[in-house]
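Note that the chains are named A, B and C in the order they appear, and that numbering of residues resets to 1 at the start of each chain.
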Amino acid sequence: MGKKKLVERGVELLVYLSSWVSILGIVFLFIFIGKEAFPLLTDPRMKEEVQFSQLWSTIWQPVSDHPKFGLVPLFIGTLKASFVAMLFATPLAILAAIFTSEFAPPRLGRAIKPVVELLAGIPSVVLGFFALVVLATWVQELFGFTMRLNATAAGIALGLAVLPIIYTVTEDALATVPKAFREASLSLGATPWQTAFKVVLPAALPGIFAALVLGFGRAVGETMIVLMASGNASIVSASLGDSIRTLSATIAAELAEVVFGDGHYRLLFGLGVLLFSFTFVLNLVGSWYIQRVKKRLLGAA
Amino acid sequence: MKDKLFVGLSAAAMLVILAMLAVILGNIFWFGKDMLSWEFISAKPTMGMTEGGIFPAIFGTVALVFLMTIAVMPAGVLTAIYLEEYARADSKMVKIVQQAVANLAGVPSIVFGLFGLGFFVNFVGRGVDGFFFGGELYYGQPAIIWAAATLALLTLPVVIVTTSEALRAVPREIKEGGLALGATRLQNLRRIIVPSALPGILTGVILAVSRGAGEVAPIMFTGAAYFLPYLPTKPNDQFMELGYHVYVMATQSPDVEATKPILYSTVFVLLALTFLLNLLAIYLRARLRKRFAEGR
Amino acid sequence: MELVNEEIETVTKLPQFRLDAIGRPEVAAAEKEKIRVEKFSFWYGKTKALDSITSRVYEHRITAYIGPSGCGKSTFLRCLNRMNDLIPHTRWEGKIFLEEEEISRPKPDFTVLRRKVGMVFQKSNPFPKSIFENVAFGLRIAGESNMEKLSASVEESLKQAALWEEVKNKLERSALALSGGQQQRLCIARALAVHPEVLLLDEPCSQLDPISTAKIEELLLDLKSRYTIVLVTHNMQQAARVSDYTGFFLLGQLVEFDDTRKLFTNPSDKRTEDYITGRFG
């Protein structure tokens, strides 16, 4: 009998230890990326190579005789692409989620979810390919941009990648709204749309906010699509028709060419820390708002 | 009147999404089918990637995903079992793990790539070289094992979430029934809960595989290569991979027009692979829901 | 609850034994105590579900607990095999004894306890396995793997549960293919296969049709010679039909506990009377 108990205890310990993997995963992510970037702050040679004040300049030209590490074009590029993506994806995703949750007959609703899952399952490199080969041409014909690969082309494809997230989180939030709310509204004579717009949507608002936050996080972090379709030119401009260079694409494009351990290498890791921290915070915010929706709606019901 | 307009608008949004999906799939399948043949799938690329097949990329992708699955399944399934069957529902540990999982799910893929480089290749790899090979460079460089490990961390949330769902779907009465007959927690798990949850767990594997096969950024610096004369047979080999192949060919080919047909067909293969896996997972999920609903 | 003189009079006139309303027994030698519950209170978090319950369950008898929904009878039943331990934030005071052993102590041997005290649930819960494997489950986890022994045991249990004739030729078929009544009898067989001493049944017929219900009631009457049976039911007529002793739960208290005939014909407490005559519940 003792052996049996031992096995039981052993398994208990094993599953407990396994769950530490995810926690350690996040912790290690911080530590080991930070580790490569850290000397930028401490090592005098690094500080010479990559000067802090320089980071705020508007020229990113790491490969030249006098390397320039201005981050501004990268930030602008990231923002432009994400902006286009959110502009494109948000109305579509939210309206579609409202349709699925409020107007569509249940069977249709159950059939729609897999479709969105399929869209979510398209690898980003495939979306990037599509944007590069097909979408960019359409965008150029539509808008008459001079540069074929630009923020808009990449942004729309990025929107396709972000759409499923906004859709799913919004739809979940809408589904969490108790049926009782809808029934009460309809029994007072409101139409389905009025019910959706004036009762359900406001009730699910924190969840929709979370959807946008998480979608934005995904847009900012996405790499392959922008790498392939944005032109990769670190230009500072207001036009959405210009090529851009995002933070994520910069890391991906340049890491292959750097010397291990030098300033550029470390700066790329530093960009990684930046990106990671930013999306980490966005994720926490998103999670928190999702919790709020659940508490608010399920507590009230 | 206004009501119909708004309902119509939201329905239109849904249709637009469906249409976009159809356009993308259609475009790729239409142009990609040209070069498809048995030779394409089974032969090596030739003539500077403009002719021949993509077998090494397929092989590399399969090998990569296989290693990844071996790494992610135990950790993922055991974690889910802990969360659903062992831990107290409101314990702090559960909340922390769930938050960690949610955060892992939101980490940009390039950040995983950096992690793979900074941790697996440079830290673990070099450490292994130091301990076992007296400092000679075997594992402290891009290798399929490190790429697989990186992908395992990336897909961990998928496995955990899907397995948790599968365990939760086993009706409480059945779990209690086992315990009421004197089964220990482990016996109940082994004989009742896990077998019932198996289709759901399988769905998790399929989704993880689909995700792993499609990601490129995490493997760019941890082992993927554009052209290799050999197939990966040792853990510290580099490898060719479908997604990476598409990326490099699309952005760095000297002759874009010549490689276009192969490019399209390679994308076709990659898309078909991930697509079919996703369909399989969706089908399994639907059947699962039915199975527990009708048994009563 | 005190005993009034005239009540004592009535009770002592009963042929077999004497009991007062809350089960402090002055029993004749014939009745052997199987389970003894002493001042047992139970909380779900801050909610008190059971209030100082004192009761007895006698060997080879059917003891039924009745009462309106939410009165605590199911909670009470689940305390007898410690199934409430699965719910977080529960605590209790008082003691429960299975013969000499205190089963309300913090860490009893759950697997041994649950083999001795078996349970059949309200909603039949056969495993998604074959009929054979369902019944054999308890034995397998106890370590038995000899096919001959298992088959013999499965047959015996199914016969005891009056299901053998109906399934003997399709033991490998899925248990889920059986009808509701058959599934419940299967669950009874499954519980009997581990040779428990006590069988707890939590509203076993509430989801069944009258014919299946009648079959199971007949079964219980048959089983009591070999086992001790505790039955929770919201169906008073069922309690009156099959049980030897009945306890009436109301709002977490055991209001009255007595010989079934006495409780139903001449209840000592007005609340019991009100419930039985249908004035509430």
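Keep in mind that, in the parts below, a residue touches a chain if its C-beta (ideal position, glycine included) is under 8 Å from a C-beta of that chain, and two chains touch if they have at least 3 such contacts.
Keep in mind that this is a model prediction, so the values were computed, not measured.
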Report task. Assuming chain B simply isn't there, give the groups of remaining chains that still touch in a chain of contacts. Result -> A | C
Report summary line: Chain centres computed over CA atoms; the one at greatest distance from chain C is chain A
Report summary line: Greatest contact count: chains A-B
Report summary line: Per-chain C-alpha mean nearest global C-alpha mean belongs to chain B
**Report entry** Centre-of-Cα separation between chain C and chain B, whole angstrom
**Finding:** 50
Query raised in the report: When the C-alpha atoms of chain A and chain B are each averaged to a single point, how far apart are the two points in Å?
Result: 18
Report task. With chain centres taken as the means of their Cα atoms, state the distance from chain A to chain C in Å. Result -> 56
Query raised in the report: Where in chain B do residues touch two or more other chains at once?
Result: 184
Requested in this report: Quick one: which residues in chain C touch 2 or more of the other chains?
Outcome: none
Requested in this report: Could you pull out which chain B residues touch chain A in their complex?
Outcome: 2-3, 6-7, 9-14, 16-18, 20-21, 24, 27-28, 74-75, 78-79, 81-83, 85-87, 93, 96-97, 99-104, 106-115, 117-119, 122-123, 153, 156-157, 160, 184-186, 210-211, 213-217, 220-221, 243-244, 246-247, 250-251, 260, 263-264, 267, 270-271, 274-275, 277-279, 282, 286
Query - chain A residues within the chain B interface of the complex - result: 4, 7-8, 11-12, 14-16, 18-19, 21-23, 25-26, 28-29, 32-33, 35-36, 91-93, 95-96, 98-100, 102-104, 112, 114-119, 121-130, 132-134, 160, 163, 167, 191-194, 197, 214, 217-218, 220-224, 227-228, 248, 251-252, 255-256, 268-269, 272, 275-276, 279-280, 282-284, 286-287
**Report entry** Residue ranges of chain C touching chain B (in the complex, touch as defined)
**Finding:** 81, 83, 86, 88, 110-115, 118-119, 121, 123, 125-128, 137-138, 140-142, 176, 187, 190-191, 194
Report summary line: Per the touch rule, the chain B residues reaching chain C in their complex are 88-90, 171, 173-174, 176-184, 187, 191-192, 196, 291, 295
